[in-house]
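In what follows, chain A forms one complex with chain B and a second complex with chain C.
This part shows the complex of A and B:
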């Protein structure tokens, strides 16, 4: 009997199917509508002082909506799409075929990651269009002199922000995949993943504490904590963009590299944990 | 010749979560399933049938013992290259059409791209779902789900087909159609493992059976050997008259045989139902195929009843 080899084609098939399943879920549509509503409603609260605060407000509001709903989508969609396969026993039918469990996990991850890319892309485009529209209106009507140096909003950076957030959501998807690979219920996976999300946002505190600690075992423990959980504060470049500061290329590249390392590590951990799971 | 499935001293325990307590689902099971036969794996609920199937498919790791498919250990992904599996109460992606679903599994099994669409059409037609191929799976009836499940199990033309309760919840006509498909698979040279609680169906189509109870193998062998009454024969006679009885009994006695009973053969309810409700050509084909076999079986069962009456 000929050997079955690891196949990116099978990963692609699982990923496409996962994406198709995800976009058909009501939850995705619901989140998209809510997030869009929040971004679009930002101009209801606009401030007319020289235009700049209004644009900053819209950007902040939009970034906040992307981060909040993207994080919720990353955790809930990953857990739901994973457990629907287990609970509906479709995983049994798939894994009874000549397919590696790693291909299944990578396919699921890529499917959800594609969903997150679509979500983040949509939100980023809508936010940019809204900012462009308001900026144009302000340039033409309110105070043309304030824009002598050109447009204030760096649209390229907004798209960089979108990419960075998508990578963060993909890390979160990887984390949820690790949790789901060993947990028995959807709810447990969702709750634990949200707790880890919180830890990742507060992880910088442990990093700071580690630098100041003198007792070696505690220092090591805190170091481990800060190494295991990614530092999500690194991805928080929205403030800089909203303040009109451009993002240096090196910083963007470093964040992307950092995210890719964690994505790979969490995917490998999920594969390792799922390899022995009894279905 | 390599067996289709070879199981040796298989034991499977499930931890119960309380200290070291474990539930033993399968205990010291050894089975050799030869190629090109219909093998019935029987047993009451919780007897370890599904666990055994999952171990065969590499979905569960055995606690002890070994299991191989065509000589390849079940733990290896390669062992599943030639296996088609229809799970119990199959649930498929509801948003895909029947065609898309079978195509999806065909691609997972790496059916050649140039042949994939033709193969998908072929198996869908073969299971009798041609008209519903482009309908969403979510709109399928239970019987149609079983048939599309069979199509996905066969799309890569496997040598071994494992069917876990393929007729659960299916009406007698659908059940007869599935039985007919299983027999056709055997004609194509495939090995079929059938788990079913419908013992009548198992009796009709299986060559060998194994009965599990509480995780242990309690009986295994050729079906014909296990169910036939070796010291009895039945003769079906056209236009028989009751007054022949004494003469026939005397004639038999002279040859050291004994007339046990004379009974009118009866059709089984299953057959009557199929004859009257038979919705498809396939079912009618199945009926004519089974007519002779059914007559023989009915005569034998009639005699059996007579024997019981006498002994009581």
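This part shows the complex of A and C:
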């Protein structure tokens, strides 16, 4: 009998199935429509805008929609697709075959990550088209003098923003995968993942504040907190892009490197935890 | 739940968190340098500012805009009963989105110019109450507005409009010409400052009797002005230089030669 070896081809099959299953879900379509609606409605909401130029406001609003709905999709889709295999007992059938649990985890991750790439890509393109359309209108009619130096919006950076957000959603997918690997219900995984998302967004407060704490045990606890959770504010480059600043190559590379490290770590942790799970 | 596995996960994440600091640290420092709302000086700031920035993300702008509309609805009642609510709303809006200077300037104007009038009116109105009471109401509201604008400077250290607004409040509400002159000077020396800031600084110096200082300031200013730019008012500045030369009895031979 030949020994079963780790197979990227099997991961690919699981990833493809996961992606197709995810795309067919009503939840994905629903989120896409809502997110598109929000991005396009920035044209309506700009009438309420006091503090910022129109293009900045639209960009800000679009980035907000991508982050919010992308995060929801990353958590809910991952948990649903993971638990659907367990609740429908298909996981038992799959894992009874010569498939490693690590292949199952990596396949699931890649499938959801691909889904998140499609979502983020769609939203980024729509936002860019909207910005291009408004910028052209402003250039030609309202304020041509402001565009003497050329277009204001750095479209390349908007796509960089899309890539960075996709990587952040992929980390979130990895986190949800770790949570799902030891939890018993879909709902528990979703709630706990949202709590972790919140902590990751506020991690930077602990990172900056621990040194100011006077009580040593609290200081240590806050320091632990700042080290255990990834810093999601690092991916918050939308403000700079919306303000018309470009993102330096080194900064972009560091953010991407940071994301890739955490994606690998959370996937390995999910494998570690899932191996100990009884199905 | 396997507690041993959970402990291993935490330990691994802790070690990874420390190991990635060399990658994350410089990027985070640069990002925070570029984004004022991520620069939190103390814990008090962190709890208010940080949480809203962290949670609202890209929707900060629209949430702040809608709350600004609400602030204006409250402010339109124009009575002392709504002062705490209006001040709270202004603080809330500027906490949620500190980026637009518009909120800081208009919030400070509401506090300094409108609320002081509401308080005087409620106490019996101008002419009916002692000047000292009017002075007190004006000063108290002006100080609150200046505190707000000083906070705005932390987020916008390079915006002269904020310093000009502080100077305006010192001049118009507190009648403190010395402080007003100082803030107009700081604003005038900043890049992108409107040319009138430098002229007002000189005018206040003149009103304070600091003729020499005003004269020297205007002579230096004149050399920097563009004759083709109507906002620079080069002829007006020259006229003021001549007036000061008359006041200071500068001999004809020593007078400023443009």
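Everything below uses one rule, namely that the second predicted complex is superposed on the first by the 262 of 279 C-alpha atoms of A that agree within 3 Å, B and C clash if a C-alpha of one lies under 4 Å from a C-alpha of the other, contacts with A are read in each partner's own complex, and residues count from 1 in each chain.
Here, a contact is a pair of C-beta atoms (placed from the backbone, for glycine too) under 8 Å apart; a residue touches a chain by one contact, two chains touch by 3 or more.
Keep in mind that this is a model prediction, so the values were computed, not measured.
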item	value
First, second, both or neither for A:198, with chain B first and chain C second	second
Which of chain B and chain C A:251 touches, first, second, both or neither	second
Chain B versus chain C as contact partner of A:276, first or second or both or neither	both
Chain B versus chain C as contact partner of A:211, first or second or both or neither	neither
Contacts of A:17 with chain B and chain C, given as first, second, both or neither	first
Which of chain B and chain C A:224 touches, first, second, both or neither	second
Chain B versus chain C, judged by how many residues of chain A each one touches	C
First (chain B), second (chain C), both or neither touched by A:7	first
Chain B versus chain C as contact partner of A:178, first or second or both or neither	second
Chain B versus chain C as contact partner of A:240, first or second or both or neither	second
Shared chain A surface residues [contacts with chain B and with chain C]	276
Residue numbers on chain C that touch chain A, as the complex places them	1-2, 5-6, 8-10, 12-14, 16-18, 20, 23-24, 26-28, 30-31, 34-35, 37-38, 40, 42-43, 46-47, 50-51, 53-62, 64-66, 68-69, 97, 99-103
In the complex, chain A residues that touch chain B	1-4, 7, 9-10, 13-14, 17, 20-21, 24, 88-90, 92-100, 276, 278-279
Interface residues, chain A side, partner chain C - complex	45, 48-52, 57, 60-68, 178, 182-183, 198, 201-202, 204-205, 207-209, 212, 224, 226-231, 233-234, 236-240, 243, 245, 248, 250-251, 254-255, 257-258, 261-262, 265, 269, 272-273, 276-277
Touching residues on chain B, where the partner in the complex is chain A	14, 54, 57-61, 70-72, 77-83, 85, 87, 89-93, 95, 104-105, 107-110, 149, 152
